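My structure is below; once you've seen it, I'll send some questions.
Labels run A, B, C and D following the written order; every chain starts at residue 1.
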Amino acid sequence: METGAKPVRESVEFARIVAFTDGVFAIAITLLVLSLDVPSNLSGSALHDFLLDEWPQLFAYFLSFAVIGRFWIGHHRFFSRVDSFDRRLLVLNLTYLSLVVLIPFPTELLGEYGGSSDAVALYALVVGTAAVLAWVMLRYALRRGHARPQAQAVAGLVLGGPLIPALVFYASIPVAFASPLLAQLMWIALIVDVFRRG
Amino acid sequence: METGAKPVRESVEFARIVAFTDGVFAIAITLLVLSLDVPSNLSGSALHDFLLDEWPQLFAYFLSFAVIGRFWIGHHRFFSRVDSFDRRLLVLNLTYLSLVVLIPFPTELLGEYGGSSDAVALYALVVGTAAVLAWVMLRYALRRGHARPQAQAVAGLVLGGPLIPALVFYASIPVAFASPLLAQLMWIALIVDVFRRG
Amino acid sequence: METGAKPVRESVEFARIVAFTDGVFAIAITLLVLSLDVPSNLSGSALHDFLLDEWPQLFAYFLSFAVIGRFWIGHHRFFSRVDSFDRRLLVLNLTYLSLVVLIPFPTELLGEYGGSSDAVALYALVVGTAAVLAWVMLRYALRRGHARPQAQAVAGLVLGGPLIPALVFYASIPVAFASPLLAQLMWIALIVDVFRRG
Amino acid sequence: METGAKPVRESVEFARIVAFTDGVFAIAITLLVLSLDVPSNLSGSALHDFLLDEWPQLFAYFLSFAVIGRFWIGHHRFFSRVDSFDRRLLVLNLTYLSLVVLIPFPTELLGEYGGSSDAVALYALVVGTAAVLAWVMLRYALRRGHARPQAQAVAGLVLGGPLIPALVFYASIPVAFASPLLAQLMWIALIVDVFRRG
């Protein structure tokens, strides 16, 4: 691909890639609320019971809000170091987004069937794979020189960034089949740590 | 956190935070329409009755449109005074958004069960907490010097901004258990007052 | 309201109002597809019949896509003439958007119950009212000097812009109770004319 | 239409058309996840079976993500060569988007009824027609001089761009009635080829 085909930082094309990506993140994170269904025609006491039983759904909602929010912060930080784009990076970005956009589906499963090993394992698989794709995209951008020189200096540090979440989520898959609760505690520990360290 | 990590007003990073936030507001406000369900296979007269009974849902829709719209105006005004960003402000902003995005859920509950103390109290809890988080974010930005000098001058005034809605919504929670209708009248009075005063 | 509070054309604040509004239009127009439901567990011939019976839903979808698309073009043209903003214009803009965002609801009703006078009348009421609010907003902006001088020259022409659609949609309400089909033909004639004339 | 009415590349109006279009693409691609429904109240083994039977829905999800993603890349590349806009190009763009936004509907059909000739043929019809409209829009922009001079040089090459997908998807319609599987293999071959060649 010729150089002229690389949208550089200042161009409208670069801005469109950023805007599209941010739009997808914003929509995916907002669609999470649709996993909270409201049943019709409940009596007063049935409504009361429904709301008391809604905690697993609310937990899944806030968990995925934190997960997608953290992916967005990571992507935001990654893009702030990117200076140019080629076709393959665009395709990698779309592939990564296809996993992020999928998150509301295992979220709804998790809210409905949080005690199920299958639901917990699927959630871990989707989020872990999204983290792996973030890492692949980051590596590609650094290798092909799409990232800024000063960013190259911290490459070693940054490179490992999405790898730890990927490993934790993947490691939680076999754990989920022994104890779904323990797998979810692993995620919470990871997320608290990630947000605390920035 | 080093200074270089703070996205300043002119940077692409600052613009992305703004764009993401606006996107989330725009989607949350638009998803409100999904709380208006259309039943299938109604006869002519059943459809007529259904539409006549749809007023509580429409009331909840317009109420939440006003609430989210007002939160957006407040956020818009707040960001117009912000000059830089750090990681914690970003996390506070995401936490605040997680409550705003949740609003369609209690909205649907309110439309379906407007006479229920539980539904009214939950609505007040979600909106009140979103207002509290707006106030926490505002305070943090002013204290850490992320806001412009001229804005600091009006800080006292602004600071109280989201506090009054927070107090009214929280105060309406116990009221909801005595009279769900009165709690909703408190909200309407607040919203009319807020929009009238700007 | 002091002059400093008016976001002018070049500011980030003006850009945010535009971006939020465009986001709301983009989401409302895209949510129209959710009115097309897919039933589960149909046999081969039942699926065939379902698809053959789907034309009213597709008609409603494309009709509302044209309606919201046309509102967006009008808004786009209006904003290209606006130079500044005040609080009341912001509130008018939000009120207008609350009607535009509502359109997917009568669209789904129309797709499901296109032969019903109630459904047709409600659709006409929502779209007609959105057009009236567009006109109110336009008038306000011209009167308060938020529009550019050269735009003032064509004000007479522009002013009538959303009035004709408003009148046609309102006039179709009584027609809907005599003949739902005729009311819908009035809308089609209007839309064809509007898109042909620009 | 006078020259002054053409939004040129640098104007706010041009940016709004781009932003609206990107927003619509971002929402349409994200709504695909809503085609993945989560049933309530399944037992552990029923949930296991449900997830094992979910592959057709996931296939449809990733297929349409690739299709809409590729349309977006094509549109992105097309707009990077466009310098000005007139009303008809705006209407063509909206018409094209009305087909792109429709894609979640045949996607859900395909996921639910992938073995059905009707579902496969409808999917091919919608995607093929979107490709035809992309080609019509491209041709119009080149003929009316809305594209940049250097872009005119590669016009012959570019012009055929969306035509091949259009032909493959249309050709798969009769194939779908003989073998729904073969029709879907044609699409996969096309998409792999398109992404490989850029």
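Simple rule for what comes next: a contact is a pair of C-beta atoms (placed from the backbone, for glycine too) under 8 Å apart; a residue touches a chain by one contact, two chains touch by 3 or more.
Fair warning: this is a prediction, and the values are worked out from it, not measured in the lab.
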Cα superposition of chain B on its sequence copy chain C - rotation in ° rounded to nearest 5: 90
Chain copies touching (chain A, chain B) - same or different residues, decided at half shared: different
Whole-Å separation of chain centres (CA-atom averages), chain A against chain D: 24
Whole-Å gap between the CA centroids of chain A and chain C: 35
Residue list for chain A, restricted to those that touch at least two other chains: 19, 23, 27, 31, 34
Residue numbers on chain A that touch chain D, as the complex places them: 1, 7, 11-13, 16-17, 19-20, 23-24, 27-28, 31, 34-35, 87, 90-91, 94, 97-98, 101-102, 104-105, 108-109, 112-113, 116, 118-119, 122
Residues of chain A defined as touching chain B within the complex: 9, 18-19, 22-23, 25-27, 29-34, 36, 38, 40, 42, 44, 47-48, 51, 61-62, 65-66, 69, 72-73, 76, 79-80, 195, 198
